[in-house]
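Two complexes are shown next, each including subunit A; its partner changes from subunit B in the first to subunit C in the second.
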Partner chain A sequence: MATVTAGRQFNPLKLRLALIGIILLMAWGVVAWRLVQVQVVTAPEIAERGLQQRLVSRELPPQRGKIFDRNGDLLAMTVEAESLYAVPGQVEEPLWVAQQFGTLLGVDPDVLYDRLTSDKDFVYIKRQVDGDVADELLALGVRGVYSLPESTRVYPAGEVASHVVGFVNIDGVGQEGLEIIYEDALRGIPGQELFERDKDGVPIPQGMNDIIPAVPGVDLNTTIDLPLQYQAQQACEDMVAEAEAEACWVVAIEVETGAVLAMTGAPAFDPNTKLTVDGEPFSNFNVRGIYEPGSTQKLITFAAALEEQTVEVGTVFPNVADVLELREGACEFDDDEVHGCYRDFDEHETVDMTVQQIFTQSSNVGTIRVAETLGEERLVEYIQAFGLGTSTGVDYGAEASGILNFAAGCETCWASGAIGYSVAVTPLQMAAAYAAIGNDGVWTTPHIVSSTIDAQGQTEVASLETRVIVSEQTARLMRELLAGVVESGTGQSGQVDGYRVGGKTGTANKLGEDGRYTEETRASFVGMAPIDDPKVVVAVVIDAPSHEYRTGGASAAPVFSRVMEHALHRLGVTPDGIE
Partner chain B sequence: MTSNVTSISRVRAAARDKAERAKVNNRAATALLVVAVVLIVIGLGSTQSASSVVGIDQAADRFYFFKKQLLGVGIGTLALLITSRIDYRIYRKLATPFLILCVGLLIAVPYVSPTIGGAQRWIPLAGFNLQPSELAKLAVVLTLALVLDRKARLLGRFWHFFVPVVAIVGSVGFLMMRQPDLGTLIVIGAAAMAVVMTSATPFRYVVLTTTASASAATMLAFSESYRLRRLDGFLDPWGTASDQGYQLVQSYYALSNGGLFGVGLGASRARWFYLPNAHTDFIFAIIGEETGLIGSLTVVALFTVLAFAGWIVALRAPDSFGRMVAAGITVWLSLQALVNIGGVLGLLPITGIALPFVSFGSAALIVSMAALGILVNIAQQGVPAIRK
Partner chain C sequence: MSARPQPAPDPRQRLRVLRGKKIRKPTIAPWMIMVIVGITAFLGLVFARTSLDNSAFELAELNAAITQQAEINRELRIEIARLENPARIAPLAEEMGLVIPAETHQLLVDLDRDAPHLVQSNQEDTQ
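== the complex of A and B ==
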């Protein structure tokens, strides 16, 4: 190596040391440059990816809202429970586990065995088990069996309020009744927990932990009176048993507000098991079932004629026979009414009858004569004004709108309509129509939920649609006619001790599956009390009672009487009875 | 008179020179010690932070690793005090027996070592795992410096240079590859190169040995499939983030998370089982996460100061043996830090070697502190920079 360059003394070792120094310095320079790049330049994007690796989000289920009756008693609530599940791969003795757990939990051991031996990573043993039971089973220490908290819906009033409240499915989603119609409100908004976890999934103490709390569902205050609901159901069940009927339906609404006080029926239905006592799936006939109302419909025909002043209460119709043939020879056929032959329920001599007598004795022939004075057009107008053919708008899911059959070219439909055939209604529609007469001619939308309660407090349900159908005067006249029916007409078994009651019976033959009328009837009674200032309307429909009970007066009116009496007592209505 | 005057001024000048020299020497020694102390303190703190989670997991004691490291610091301080007080020339006599001891231990390693992570590098000794390869670094530097110093006048002849270098580095290197421990071998090779560079060896031999050892290292790197896989993780960490690239990607996450100012002491996320070897090979990533660029650049600055001070010591060493030892130790510590941090930053493949003074590991710490003591001793005997 050259030791001397250009005459100047040059030390090769110094040069070599300098080389080492420069290399080291450059290397550290590169490291520093890289550090700036990693920790500053690309840091935000990479750090975000690192965060995503650690972040876990967990949904926080909201508490479902409660449902109360008008007195603050619970109809539906949500409680914490445990769901037992298994990881099949970890279960060592699936046969033994299936038998033990199946027997104790009421799950078919064969089904359980199949689940436990499946190739899934997660199978339920039973969902929403009572916490104590779950703890007891977990204490057995069976490998591969675990539990997770899961809330479950319970209905403290059981079958009593079931027709109103409905039910939820296993995942807590509303399926029927108020549970489905108010699903969005009841459900609430799920919250979210966002936290950083370590590689094993355990939260890091210094890590981020953001909680967006779940917003609990709103609570519902209903207009239902649980004791009345119970009495109504009992009355129905008793009558079903007594009259060997297929079903009984009853709805009670407050006249002034349209508030549904009770809506129930028999056979009963248990929302905890979601089946009727007969094992049939549930449907609420009060809003979904339609039937031909028969004579209860006559309220509308008479109210219309009085309002239009085509008749007066005292107007006399001469020579009212017990048979009316709107078409030549119609009464010679068997299924006469379809073809224009109308008969009164009981045979009677041809007599002169006042409007009041026609109503009280529920003469079909007389009623058609009254309707004749109105003409088809005006009659149909009033039928529609009273809310038939249109769903009432009650806050209950899948409400039926009923049927009005006044097709063009049907020569006799108007006459059928006047006496409650050729139309089909729900019990609630009829109750609402009668409530309009009780409410001095103002029809009000029936409703079940009166107010909602959330974190901000109580919110009254928005004002409901009302409409004037007939004058106060007509309404009062109609109430007197209704009172006459109960006092001296077909509806005497609808009387209530201590109160003046007005009402109307109805008996309509059921249509068979072949489209012909059968001997079976739908017996109904709709009425109100106290008649001078009605507070409550109760509508009762008995489906297919035995022959002895086949009229509204025989089977529906006694149920009405019993429910109305309780309703008046529950509301604290002062007796006005004249006895 | 004249002679008297002259002698007085000479004495004065000599005294002034001596004082001046002592000042510079003390400055270099102080710099070395301060850097070491600060790095060790940073090491203790970050070891605790990085290892507490693992400590609880493995030994139910969050101070488990901290306590062991503290014991290492104690023994290391003792070693540093001793080596810094003993004249480094004593190693002219001790170097050869020391190397023989190291070779003996390295031979024994495969028969007594537990297997950890596919490697056998340890001799279990009184509750500690002695790591002979740490001792070997020092032994190679000392013996190579001794041999090259003794043969200073014969180094112009190839075999006089080549045979001892190959004998010393080759024997240790062969034993090292049995373990296998390529990272440490690279450090030893670089330290040996520094010794050769600062010896009287002709430059052409220096170039030759550099080229030869670089080729050998490259060949070794490609000779084993597990090293090739490591290379995949280095070249494409994001594409192999779930296996080979996992550790580097987690290291990036930690450093990025730290950003400029860090997430705070004890708040590292990577230590929650995400970053493997967080308290050993990847402690620098934890420092970068908790103290940010500020902290990581501080560590880099400290190592730069260490290199510079070591370089000054080599430059001012009173004899060629001291110079070679100083250069060897300086390059050893610097390169080990560079290879470690380079791996953490994705600049170099991951080789599994510790960050000197900082990483958890008592054996490495004690040997590093002893070596630093030797450097301090040479520093204190420094003379004005070599003129010949």
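== the complex of A and C ==
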């Protein structure tokens, strides 16, 4: 009989269950292992990666500083605007868009069409458009046209202050005037914002939001008086029209402080287009233009001679003719290449003249004889001391230093220099030189910005350089000579009602392109008032007036009179010339 | 046989003390307290979070409003400056008949006299 051993029977079902269990266990193990890996081991790294995807950093542009005139009136400010752009690939009807948007925004439709049909991903339609205009255009719902916020510089005083303030480029960087010279201060420091955004780019309110705030640019308080600036510009524009001149420039300085009250000219200059009304590029002649000053330079010659006591006001020079020949035969040729022949503006008899008469009647020959007593070396020293040949240091970019042509070996340059030739100056240099006489012999750096104010309200006042050039006594004598020019000399049209005024006319022939003097002149007048205690100096230059207006007395002095009268009224100066 | 009188049963022996079910005061189970506390904390947390989110949205809206008002303020300042521009005012004043006087008069005040006297200076047109 066979014995059957009872044992554990092989059960395939159990085996399968065990296998499935093991597999499931392993699978869960893998999941658990991955879970631990993701949640524990690599969690910080993954969280950081996610954060980086959500985090967006953007620059916070600083608010550019404002510019004010001396009365607190706004001259320049930055506001928000919209820049319209397009994604050319999305624009369905580029021709229609170019015509409609081009017409409305003042952009050439052909240029716009070329942009809209280009293969670029981003093209500007027009930058810095007024917000309302941008909103209206976007409301049309044109596919592929969008806007982004940008800031734009606005000059509410327009042409009136543009000569001083200057302008910025499309990116808001200073290009001219105060805008460029104070670029670093005005610009401010950009800030940064770091924030989390959702999939639509919208900031997550409870997300990370770190802000380093932008530091606004400093505000500039200028010395410019806007109403006076306007009156000066009007006076210039009127004279340009009346005298059919090419240009007129005027600068007014407060005597005691060197503060520039007005600095403008005609043709006017539009800060938005950066062009003059004639379509010419703008350049501020008051600071950058140089010209031969002619007789206005005689102030320095006479001040030097009086200071060095080589002459007195009453010193008589005998036999002063209307022609002086410093080089033999120079006057035989009517050719300015042969230097050494000097003539007075008007022909006159040979007479004895006092120093005062020479100055009042603006005799070139007499002035050269006064300069002769001084000598070339001392004359040049005084010309330099009065600030000619070097920039004044005014806070306006790219100031011209002028030219002093006293080359060694030049036999007649000293004589030319004494009467305002062989030197080239800026109107501002001449105004500063006259202001030194008005300020009892103390020369002060002209300046346009009186103070800066930062975001914390801290005020910084400009520091000024001063130096003594001549004595108080000499300055007073010179002021009396200047008064004589206006009261009985060549500058009578520079008189101002109610005030005693002193000044000097200047008429210099312009150099032609061939280097020879032409018939065209630059007529100028520089003067001050009230003459006993001057408060304001005004310098006027008229470029190429018509023949009738070719002298400083005929064209520049009337402009001076208008500007000076307004300046004295604006400053509330008590009249001193009432008889 | 004589019957002996039975002693009267002690009335206390007839009374039995029965141990009844203990009447318990109704109490809240600790777990329920924990649940309630937990739910309350959760709701509080949700409420706080919601409030915080609302505040953040309000803050964002306020910031946007401040920015907008500041921009409006800047535009108004520019508008004021444009309106005050002498180049705008002077022609308007001229249209209204306001011109710079052709004659300049100075009023000299003599402190030793009772009334000021008028001095008329040059008659030239100063324009």
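The criterion applied here is as follows: the second predicted complex is superposed on the first by the 504 of 579 C-alpha atoms of A that agree within 3 Å, B and C clash if a C-alpha of one lies under 4 Å from a C-alpha of the other, contacts with A are read in each partner's own complex, and residues count from 1 in each chain.
Everything below uses one rule, namely that a residue touches a chain if its C-beta (ideal position, glycine included) is under 8 Å from a C-beta of that chain, and two chains touch if they have at least 3 such contacts.
Since the structure is predicted, the reported quantities are computational estimates derived from the model, not experimental observations.
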item	value
Partner chain(s) touched by A:Gly329 [first = subunit B, second = subunit C, both, neither]	neither
First (subunit B), second (subunit C), both or neither touched by A:Glu80	second
First, second, both or neither for A:Pro190, with subunit B first and subunit C second	neither
First, second, both or neither for A:Gln206, with subunit B first and subunit C second	both
Subunit B versus subunit C as contact partner of A:Val38, first or second or both or neither	first
First, second, both or neither for A:Val154, with subunit B first and subunit C second	second
Touching partner for A:Gly375 - first (subunit B), second (subunit C), both, neither	neither
Subunit A residues touched by each partner, larger count belonging to subunit B or subunit C	B
Touching partner for A:Arg562 - first (subunit B), second (subunit C), both, neither	second
Common interface positions of subunit A, toward subunit B and toward subunit C	206
Touch list for subunit B against partner subunit A, complex	53, 194, 197-198, 202-204, 206, 250, 252-260, 263-264, 266-267, 269, 272-274, 288, 292-293, 296-297, 300, 303-304, 307-308, 311, 314-315, 323, 327, 331, 334, 338, 341-342, 345-347, 385-388
Footprint of subunit B on subunit A - complex, ascending	1, 9, 11-14, 16-17, 19-21, 24-25, 27-28, 30-32, 34-36, 38-40, 42-47, 49-51, 53-54, 196, 198-200, 204, 206-207
Contact set on subunit A toward subunit C in their complex	73-75, 77-80, 154, 156-160, 203, 205-206, 226-227, 229-231, 234, 495, 497-498, 561-562, 565, 575, 577-578
Subunit C to subunit A touching residues, read off their complex	52-53, 56-57, 59-60, 71, 74-75, 77-78, 80-82, 84-87, 90, 104, 106, 108, 119, 121-122, 124, 126-127
